[in-house]
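Should a chain be cited, it is by its letter among A, B, C, D, E and F, assigned in written order, with residues numbered from 1 in that chain.
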Amino acid sequence: MAETASETFTLVITGAPYSSQAPQTALGFAQAAVTAGHRIDRVFLYGDGVHLASALSAPPSDETNWSEEWSRFLSEHSVPGVACIASALRRGLVNETEQKRYELPAANLRTPFEIAGLGEWVEGRIKSTRTLYFHAGD
Amino acid sequence: MAETASETFTLVITGAPYSSQAPQTALGFAQAAVTAGHRIDRVFLYGDGVHLASALSAPPSDETNWSEEWSRFLSEHSVPGVACIASALRRGLVNETEQKRYELPAANLRTPFEIAGLGEWVEGRIKSTRTLYFHAGD
Amino acid sequence: MATIQTLHILNKSPDHPRAARCLEMVSEDDGLLLTGGGVLFLATGHLSGPGKVFALSPDIDARGLGEFKGSNAELVDFARMVELSLEANRVISW
Amino acid sequence: MATIQTLHILNKSPDHPRAARCLEMVSEDDGLLLTGGGVLFLATGHLSGPGKVFALSPDIDARGLGEFKGSNAELVDFARMVELSLEANRVISW
Amino acid sequence: MSTLIMIDQAPYGAWTGREALDMAFSLAAFDQPASLFFTGAGVNWLRQNQEAGGIGQKSVEKNLSAAPIFGIEAILADRAACETYGLDENSLIEGVTLVDADAALLNDYDHTAFAG
Amino acid sequence: MSTLIMIDQAPYGAWTGREALDMAFSLAAFDQPASLFFTGAGVNWLRQNQEAGGIGQKSVEKNLSAAPIFGIEAILADRAACETYGLDENSLIEGVTLVDADAALLNDYDHTAFAG
């Protein structure tokens, strides 16, 4: 049914920026999907993919800041970006709520990313026409 | 010359906690080295290994917090722990100096880790009796 | 056009153990889309299995594989990747 | 005891491409120390190459490989790993 | 909407296996049919007598044994991979079904996913 | 104190290759003899005409071409791996020496290291 537009996607990113190409390939896909008139239901960050939601990444100025690019995409197209809470807490990605709960010295989650459980992934999988995974390569 | 004690080591960790076993194996090695009367000249975090220096990791309470364990080891034995600045900035690991320089919303480097260049690795390699690498497995 | 039963998206180089596993599970009605390091299969030429083969163009260019274009895979851009993912009844990312 | 020329520390499972590369480069005067997923070589039994083989005990226990203990590798703890790294003229971590 | 979660990495050295289990348990918790398929070095998750205390981790053997209780439909293992890693009925945990890894296996599920 | 930095991962999909280059350049900057050895899928770093703009990355071809200027002693490539990936004198960047990957190679260096 590629011809009938307005299909929906859930994208799952499990590879970290500056360690894998996963966030880049996922962004290329997401932009093309939106351009074709489809909708991204949500982007779910899992495993090492949660590092994409860091507010503190500062790559050299001649390199793309993938966290910034993804933030902009999510905001422009009102797409929820959700980092898995279990993956995020282990890897040191927290918002202010988690900062307080675990008495941590700071929060580092980039706007508009949110933190939530795997239920968000399950729901996306059920609702969306397709769920695609973007893993680390090699 | 294992019999003459007081040899020195530089340990390089390139695998992240909760993604690889590298920090755990490195800590087992470091503790055994110190127990045997040797010295750890420094621990250098490179690539994904810089995530070990996160002050914000909050694993479930029944799991080991490897960042905390490593911090304690470094402090107890006065071993410098250095995260490579290039790896750290790309991956969102910053101290207050870098936070200010890059106008970032927070700092998340755990005490007593420091941020410095690859020169620290080169120097360790020259000075120490042995330099050992702890990479991510599979 | 014939419907693709399963679209297998492979972003692992020919060296990676998951790449061999993927190729074993591609059947005649399936499509295989090479992305990332997976496009290096164009250089090794080990793609004699069943199923139609696609390869993501920007990943080919990045790796300097222009000379292998059109050899044994249909080149696609991201727009076509989106279409393929909807045309297939199922997508598996290896 | 005979000096080890190069101590190869291998923490990759037999599936990993770097594992095969490592085994190819071990020579007679070398030692091979299996850690992490590398201890799974005790289960596959593919260790007929040259060089003395060691395996890190806690990694064997974690993976339930007790039955293979002593089969074709000398078990070591972290203290012995430290000694081995100093006895060898050179250490390579694969 | 049945889902097959695939695990092809050895235990303890990498985290993707644990995160794959979480995915399967999460599906089951939301009443979505889910099965686990272990292949490659991943079959080593299914070995009896894992004692991970010495490396500061928790064994996953208990989690896997509890899989049916949590609603996981099946624990499948690649027959050929089990042979490679010297795993047989005596060394595998209970409740594992040996299968061949081929296209027919995938056709039994609407979705197939890895954790990383 | 000569060092061999090994790269066995394909370019662009993973960062370890770039970080291995940084290690070699850093050694050279501190006047420590360093050589690069590409093997496995890593030999694909040495292919001509890499245009990575389309995936938002910088090509490493220039960095590698500049290696001798920065003081890197040699760029070595595994002959067998180059054959596997269809790389020959016409497709390799300049300044690459083909060698066999065996124990003798390692004996030429005091240190050998991967970036990850």
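Convention: a contact is a pair of C-beta atoms (placed from the backbone, for glycine too) under 8 Å apart; a residue touches a chain by one contact, two chains touch by 3 or more.
From a predicted model like this one, the values you see are computed outputs, not experimental measurements.
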Chains touching both subunit A and subunit E: B, C
Determine, using the mean of C-alpha atoms as each chain's centre, which chain is farthest from subunit E. F
Whole-Å gap between the CA centroids of subunit C and subunit F: 27
Roughly how many whole angstrom separate the Cα centroids of subunit E and subunit F? 37
Using mean CA coordinates as chain centres, what's the gap between subunit A and subunit C in Å? 24
Which subunit E residues sit where two or more other chains touch them? 8-10, 12-15, 40-41, 55, 57, 111, 113-114
Counting only residues that touch at least two other chains, what does the list for subunit C look like? 11, 13, 15-17, 36-37, 58-59, 93-94
Would you mind listing the residues of subunit B that make contact with two or more other chains? 18-19, 21, 25, 28, 47-48, 63, 86, 131, 133, 135-138
Can you work out from the touch definition every pair of chains that touches here? A-B, A-C, A-E, A-F, B-D, B-E, B-F, C-D, C-E, C-F, D-E, D-F
Residue numbers on subunit B that touch subunit E, as the complex places them: 18-21, 24-25, 28, 62-64, 66, 136-138
Where on subunit E does subunit B make contact in their complex? 9-10, 12-15, 41, 55-58
In the complex with subunit E, residue positions of subunit D that touch it: 11, 13-16, 36-37, 40, 43-45, 57-59, 61-68
Which residues of subunit B touch subunit F in the complex? 12, 14-15, 46-49, 86-87, 117-119, 121-123, 125-126, 131, 133, 135-136
List of subunit B residues in touch with subunit D within their complex: 1-2, 7, 9, 21-22, 25, 28-29, 31-33, 35-36, 38, 129-135, 137-138
